[in-house]
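Two complexes, one shared chain (chain A), two partners (chain B, chain C).
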Partner chain A sequence: MNAIENTNHGGNGGHGGNGAGGHGGYNFAYLDEQSKRMIRRAILKAVAIPGYQVPFGSREMPLPYGWGTGGIQVTASIIGRDDVLKVIDQGADDTTNAVSIRKFFVRTAGIATTEETGQATIIQTRHRIPEQSLLPGQILVYQVPIPEPLRWLEARETETRKMHGLADYGIMHVKLYEDIAKYGHIETSYDYPVRVNGRYLTAPSPIPKFDNPKMNDMPALQLFGAGREKRIYAIPPHTRVESLDFDDHPFEVQTWSEVCALCGADDTYLDEVIMDDRGTSMFVCSDTAHCAERRAAGHRGPDGDAAPTGLVP
Partner chain B sequence: MYVAVKGGEKAIDNAHRLLAEARRGDPETPELTLDQIREQLGLAVDRVMGEGSVYDADLAALAIKQACGDLVEAIFLLRAFRATLPRLAESQPLDTARMTIRRRISATFKDLPGGQVLGPTFDYTHRLLDFDLARPAEAPPGSAQDHGQAPDQPSPKDESMPRVTDLLADQDLIEREVPGDPHGPVADLTREPLAFPAGRDLRLQNLARGDEGFLLALGYSSQRGYGRTHPFAGEIRMGEVAVEIVPEELGFPIVIGEITVTECQMVNQFAGSATVPPRFTRGYGLVFGASERKAMAMALVDRSLRARELGEDIVAPAQDEEFVLYHSDNVEAQGFVQHLKLPHYVDFQGELVLVRGLREEALARRKGAAE
Partner chain C sequence: MTPDDRMVPTVSGLGPGFGDGVGQSQAAFRAVLRAMSRPGTVEALAPAGAFAPPLPLTPAAAAVGLTLFDFETPVYLSEDPAGAGSAVEDYLRFHTGAPMVAQADAAAFALIFNGLETPPLSVFQAGSDQAPETSTTVIVQVASLVADGEACWRLTGPGIDGAAAFSVAGLRDDFADDLIANQALFPRGVDVILAAPDRIAALPRTTRVEA
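Let's look at the complex of A and B:
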């Protein structure tokens, strides 16, 4: 029983906020300093080669692969005691997984958190970029499931690495062309491939293509972590990011005929909420913090007094 | 009316409480102890130690208890714990020829130096439910009262047990296993990500940690013709081996403990080539504990994955190293499969917008054609 009795690890008791700012026997922000240094070296390389996927020795985290282990490792490696962290999933601060990841960092690093986009120094996200423009000095950390934009066209990593090396992206252009020939449109609505700094074809992670234009010339640093696939990539501030398209079929984003039912915004990405079994639905901002800020400023949508209730606890 | 996702934190706390309740089951039933799990569910403990890649039966038993018996979840718990441990040293290569044998069989020779030792095995049990086990035994198993007589097999075996493959190698009938540089670096996929082509050290590490079910199916597929390798179970042995390290300040090996392992050496055909005369080739499996099925499957897959090295056509999944090594890890696989239950409504909304647009256009076209 020695192994169990002698360890500080395990168990769910004892939140952070001790001298080390960590949790029980764990280091600040969970990862040991050696691992953080290894990850920061990968990040530096990624920043130096915008859009290039840097292999790194991804650690096994106490959350499952697919839950954001890449983003969590990136955040854990760059976060300091003075940082203010915002975590969103599907644009919302209070989706269960965003709550869980925020709690993980509060517990292991004792850092301050916020829901306000403008107040955060680090924003970890899954599937969205906040509506509000990000600021210089902020860092946006994306959780990435499949970092390879060519993966669905070529399953082999040995092949796709060659294609990147040669900047041979013909198969992607052919795929987009075939979409247009078959459907009249490019049939990709999220994780829409981008070209970073005119060189690497890059997966923006499964954000809706609505968010792609925000990546271009963004004042904030964008870091991408793929834990299971063991890759990190980056887009430095004010880098050119182009969504692939053709002269006669320019890139376009999703639009809705509806506005946000709560805040009345007509320029945000909307979630559809099904109201009954007769096809009635309402549309609300996916970015909950942005929607709340607008309502606080007096904006109202057609159903603006509907009070969000709750996930059945 | 509008049900957003507020209250996520409370819902999570409640979920954890419900899970704890479900784990405990009926409180009238005595709670499991780790000793009971370790001693009476030893094969589950062995699997969790192997795929969790930590040799610690107590921690594995704790993980099994915490995971309510879900072994893949238990493996995940142990792996996440493992990731926080420092790497103190690299051991010397295990010498399985010096194993304290509890089981040793060869399917290729009727008798051989050291003999065959059946040991504890399900192999010749009739799979009839033993209703006597449904109630606690009155006397300890193996006592005279239990089955009339005690097992008379002396165990464990401690005499010299040369490996079957070494006997074949003496006659040059099987390829030589040339030891690598004992001071050279050993690949570790927990520190550096997989890269291809993968060396055999990296491959064997990957397979040893790999999911038993995945390897079993792949090994099976190779037997059924998807990349046939004509295997014979040259030898399977299970028992205790010493783990040695060489501390820098001492400069000679010291034993730091003993572990139980199962080793399988498959002997496979090879037609030979222009430069190499026909001789047998090897597939190798080694796992923690008594995990014979996994060791055998591993040996089959290891041999299949040597296709490129041996100049064989790569035509089957079991021969494809990217396919096998990228998909063998059940901690990675279970995470990515199950992440589909996380919210995806932003992406799904994007797809809805797209499909509705495409449908409108299709309907308009059909209407136009009808008019």
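Let's look at the complex of A and C:
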């Protein structure tokens, strides 16, 4: 299990007073200072209006939209030389998106990285909240594809903007009600809409609804960046975040009859991994760092010792 | 020669800004972000080096300005009691390029030198229901800030675990009334950054204040 990995290319010594804080010809953390200032102002307004989507001048990044350009711009605008960055993609530290974003910041900012949730000062995430409770002072940066929770119900930005202005969220309740009428339960299982501080209807980004309760009263600051849609929003620490529901159909999270095959956890979000052509599958923790930490502490699941290579770091 | 060229101040009379613009503005921003996301906490903000803003601008307020102001942000300066406002104006113009405006409600940022003479918060831009982010951020210089000190204010709201105690000296007596009226406008409303000489605290529009 690795602790903080400092892959500094001798960059820290090179920051002169002339503004050339860069690595490999780039400004520190890639973005120019004016772009950072614009994004920083948007972040501060986002924090002051919890759950409200602040428009910002999203910059072209050296990777396509859909690969986390919004989250990267937020991270680039807040990160400093002393920060320790963790990046996860669907809970895993070692998948393509997470690895390349981590490398991006090591190259352009020379910062230290980690896979341990408790060691990180900034955690950029695609579609998961770590299982381990976050700490005060940590910042969780979400990559958001569609920031507008009402977008699939009302395509016009002019109309959704009015609905937010008036706090008129009737169409979302109708949508959830129609789910119940059709299926007997609310079908939405990810990007499940939340109400922030009793006011703004907000998209939690496509995290599984399993993670929604973690957003409520979280000690860490949550920042959301949507690059293509050019929106930033935020949830300050210790803010009320409620998942929409009805009195007779209360909000529920997913449950599994299995436990994690590797670490035996029965309280985490599990991924089903297909093992062979006959459809044999195993359930494992989606949060790889949490699973590895549990195994290091001696916890074992049903396949804990016979785990195939590739699943055990 | 454009009209702007004639207004360029003489560089010799200006105090230095950040020695390390990239690092110091990042550090100052994080202090502001911590303050804004945790109302009631007091964050140290005293840039090191040759940083020397002209009076009556204090180092903490100057650091906030140098971090957040630029050509996109019209800035409103309160009248300086000592009549030395132009030095601050020159300093901010030179280091940030921000345009100065005389109309309070046209400003993205307002800088109030003396907290005892803060104008009513209602004179600033509160934004609209559909674009509440267009409101003014008001930076108020105060004498001192103490979190959890001999409390005169009780704060609740997003960013605060339960309630926070907070005391400030050098602020207009009835300022809490302005904050209460401002909070009632939500989602409209101004956001306030209080700046003692070497520390800051923030009161975003969501914070409920009980004096």
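Here, the second predicted complex is superposed on the first by the 285 of 313 C-alpha atoms of A that agree within 3 Å, B and C clash if a C-alpha of one lies under 4 Å from a C-alpha of the other, contacts with A are read in each partner's own complex, and residues count from 1 in each chain.
Here, a contact is a pair of C-beta atoms (placed from the backbone, for glycine too) under 8 Å apart; a residue touches a chain by one contact, two chains touch by 3 or more.
On a predicted model such as this, the values are computed, not experimentally measured, just so you know.
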Touching partner for A:Leu270 - first (chain B), second (chain C), both, neither: first
Touching partner for A:Glu157 - first (chain B), second (chain C), both, neither: first
Chain B versus chain C as contact partner of A:Leu44, first or second or both or neither: second
Touching partner for A:Trp256 - first (chain B), second (chain C), both, neither: first
First, second, both or neither for A:Leu166, with chain B first and chain C second: second
Which superposed partner A:Val99 touches (first chain B, second chain C, both, neither): first
Overlap of chain C and chain B interfaces on chain A (superposed complexes): 55
Of chain A, residues touching chain B in the complex: 1-4, 9-10, 12, 26, 32, 55-62, 64-67, 69, 89-92, 94-100, 103, 126-128, 145, 155-158, 183-185, 187, 189-191, 206-210, 228, 230-231, 254, 256, 261, 269-273, 275, 282, 284, 286, 288, 303, 306-313
Chain A-facing residues of chain C, complex: 19-23, 25-27, 29-30, 32-34, 36-38, 49, 67-68, 70, 72-73, 108, 128-130, 132-133, 135, 137, 158-162, 186-187, 191, 204-206
Interface residues, chain A side, partner chain C - complex: 15-17, 19, 21, 27-28, 33-34, 36-38, 40-50, 52, 54-55, 77-81, 137, 161-162, 164-166, 197, 199-200, 219, 221, 234-240
Parts of chain B lying in touch with chain A, wherever the complex brings them together: 1-14, 16, 34, 56, 58-59, 62, 76, 79-84, 86, 190-196, 322, 326, 331-332, 334-339, 342-347, 349-354, 357-358, 361
